[in-house]
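In what comes next, chain A is part of two complexes: it sits with chain B in the first one and with chain C in the second one.
Entry: the complex of A and B
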């Protein structure tokens, strides 16, 4: 790995083929919420194998994610995805479910495991347990602060992956209520959840993806990258499982440039970067959790950017 | 542990005798009359301030099921609820200790109430499980561990924990205390059960929307006890996997329980931070156009009608959700599950049609 890693998420082969990944160092393949998501990599082993190969052919690291909340009926497919990941040379698997972490540890002992945000890493003690099960990095639970993240990384001796942009996962469900709308809308499952659907109440909103709820606002840490780098963080994620290839490319380019500047000791961000972020933000920006605040708040100097997005 | 005065011991003996000879329907009233304040909020004479004890080596026996049948585990948000739960047929109750249980301050006991509850349970041959299922701040782990050690000395048999790291620490330092991995751990499958079994958990709580076949598959591979919350509200987001409340408003838990709890969602122990976001009306906006006004789907699960299938699958503990339920409401629910469990035990598997719960107790919401 170079001086830092910038990665993103892609749910299926179509989206992978449409995406310009030149801004990234690594890609997570698969959709963690729903087995029925359109051509989910995690259900189509040939696609997954091809995806891993295509990502690696571009000189990037290929990671395979796994379901956030699998019941027993999903485990055989999880097993197949892990086998495919191992056989195709994936660089790591991401696990959100501790049972799946155990599967990886028991059956694929050489495979690096990245612990995902739904695994609920809140404390150094919890992270230490997962490290013993082969975890080499973790995404902290989304609602904890950077101070808490630091105490975990220091206590557990394991690096954190920090989501720096995109919609934050806020919950996962066993039930897709969007299916109730299939009779009324032209779109059907499995593309229904890819519509721009927001749940709004008053002046705030959340994005619905059927079995998952994401933040309506885009998490944005652009102006805080120098602080993240200074704190020792080197792995950054742009969450884009439900975003367009254009989003993935342009937001990726913004963060690549800003991270390179931050690593070089230059904290300035070109104004065009904020313009790109505004263009790809539907209801605003947030980052409050990282600062011990309400998640939908934005902490930073770019007040005008928030106003423009709101 | 401090000794209990002789008159109090004989008082408990009377209580035990009363349970043995009195029809259940009469007991609650007589409990109130005979025990009065002694088993209420007043401290028990002879008990001084609690002393810190070294980490306990007490050998708890867990809340293992009676031979041949699952245990019925009921919620108790008050001492009165615990009494009525036992009277209604619960084999054990789970209670919260003030400041340390998931879900906030609703239905938590202070230490004295907890001690009385443990003693009542022991006297009746019943058991108590303590919900200490917040995720403590790292500096507070030792304090909670010390509390658990003292409670184990009192005779507490089992504790419900939430964080994998703390769970392992408790297992190592309090080897005699049975540990249940909270429903907030989000376990759903066989490998989850094996994971918590590896860590030393005695039991794991699974949500009641799993099917008997899933329970059977878990029991076929895992030796850990399986508790299934067969009576619960299934909210849209899975328990332990929801941060919507703190996205909307991050409550400063420290103001209520200074230094003890992490702030944030219910999962991590935030106090009063579940604003029932999922039970408020939302506008569903489709590509910028209002498409619907709606609530998140949620439902009351009451699987008493399928209890035999769950028991056949090997469920060890039938768990009923709701420390915030009134004692009267909980008692009726417990009674129905008791009857159904006893019928299964008597071999009335296919012949017995369990009574339905009153409609008012099966509506959505808690």
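Entry: the complex of A and C
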């Protein structure tokens, strides 16, 4: 790994083929919310194998993610995805479910396991348990602060992967309410959830992807990257499972440049970066829970830039 | 014999649960469980709760099922020293690290994986067994078929919620409430509280129950979308659950008034006893029970609806900023 890793998420082969990944070091393949998502890598083993190969051919690391809440009936497919990941030379698998972590540990002991945000790592003691099961990296639970993240990385001696931009997961369900309404709309499952659907009430907004609920605002840590780097973080994620290739490319370019500056000790962010973010922001920006506050709030100095994104 | 596990949000409710036939009662340690502090017990009250339960022939479990901070685990272990010394019969927990440490320190204490652990498959159960958990609460979304599969293949005790909420999202995997409002405070004993985060022991503002409008970009697609979130009572499945051999039927509801919880406990006590007393070759007539449950359900729904309005209103209040 270079001085840092910037990674992103891609749900299917079509999106992978349409995406320019030049800003990234690694890619997570698969959609964690829904087995019915259009040609989900996690359901199509030939696509997954091709996806891993294509990512690695670009000199990037290929990671295979797994479902956020797999019930028993999904486990055979999870097993197949793990086998495909191992056979195709994936660099790691991401697990959100501790049963799946156990499967990886027992059946694929050489495979690096990244613990995902739905696995609920809140404490250093929890991370230590998962380390014993082969975890080498963790995404902190989405509702903990950076101070808490630091206590986990320090206490457990395991690096954290920090989401720096994109819609933040707010929940996962076994039930897609969009299916109740789809007869009213021209788009149907499995592409309906890829529309820009928002649940709104007053000034509240959440992005709906059917079985998943995401933040309405984009989590944005652009102006806080120097602090993240100073705190020792080196793995950063742009969450883009439901975003367009243009979003993935332009936001990736913004963060690649800003991270290179931050690592070099320069905290300045070019104004054009904020313009690019504005173009890809529908509702506004937030910092999630990183500063111990309400997840939809934004804390920072760039008040004007942030207001323009609302 | 299946165990009837009742909630208690105060000492009066502990007494009522025992008197109405609960085999076990669970209470939250103040600041450490998935309910607001008004429905949790201070340490000395918890001591008294253990005595009340044991005097009535019931067990007492303590819920310490918040997702705590790393720095809080030593305090938790100190609390557990007291509770175990007082004779608590089990602990309901969520954080895997805290569970592993409690198990190492008290290897004979029965550990229950909370609903917040979101245990959804058999591999999950095996994972939790490996860190010392002996009973798991089945996620409310699991089907009867999944419970049967679990019971057949695993050695962990299964607890099934028979009165609870079935949220739109999986419990323990939802941050909708603190995304809209999170208030950090501390209680009188210095314990951090996360008002707005049910996973962290605050309260859930139930924002999923808001009347959401669905937009495609800026265009209104559907007004007043309802995200499924039901409070349920099991009835038809109770005889089958007993036949299946589930270890524990669990009632949620620490936040409800004592008389309502007492009537729920009494209802299920009598239902379970009637099921067990029924000759194996005779069908069990649930119709009289259905009528009785409707009255309880009506009162619960009224209370729940009012509580939801209060919470949604509170969720709109600004968070006081530190001076």
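Convention: the second predicted complex is superposed on the first by the 309 of 310 C-alpha atoms of A that agree within 3 Å, B and C clash if a C-alpha of one lies under 4 Å from a C-alpha of the other, contacts with A are read in each partner's own complex, and residues count from 1 in each chain.
By definition in this document, a contact is a pair of C-beta atoms (placed from the backbone, for glycine too) under 8 Å apart; a residue touches a chain by one contact, two chains touch by 3 or more.
On a predicted model such as this, the values are computed, not experimentally measured, just so you know.
For the composite obtained by overlaying on chain A, chain B and chain C cannot both be accommodated without a clash.
Of the two partner chains, both chain B and chain C are touched by A:181. Legend: residue contacts after superposition of the two complexes on their common chain; A:201 is shown touching both chain B and chain C. Residue contacts after overlaying the shared chain place A:157 against neither chain B nor chain C. When the two complexes are laid over each other on chain A, chain A has residues 68-72, 74-75, 97-103, 118, 120, 122-130, 133, 141-144, 151, 155, 168-175, 177, 181, 185, 195-201, 204, 206, 208, 213, 215, 289, 292-296 in contact with both chain B and chain C.
The touching residues of chain A, counted against chain B in their complex, run 68-75, 97-103, 118, 120, 122-130, 133, 141-144, 151, 155, 168-175, 177, 181, 185, 195-201, 204-206, 208, 213, 215, 288-289, 292-296.
Listed in rising order, the residues of chain C touching chain A in the complex are 67-71, 73, 94-98, 100-101, 118, 120-128, 130-131, 141-142, 146, 149, 168-170, 172-176, 178-182, 184, 196-197, 199-200, 207, 210-217, 221-222, 225-228, 316, 319.
Residues 135, 138, 141, 163-166, 168-169, 185-196, 198-199, 209-210, 214, 217-218, 236-238, 240-244, 246-250, 262-265, 267-268, 280-288, 291-292, 294, 296-297 of chain B are the ones touching chain A in the complex.
Considering their complex, residues 68-72, 74-75, 97-103, 118, 120, 122-130, 133, 141-144, 148, 151-152, 155, 168-175, 177, 181, 184-185, 195-202, 204, 206, 208, 213, 215, 282, 289, 292-296 of chain A touch chain C.
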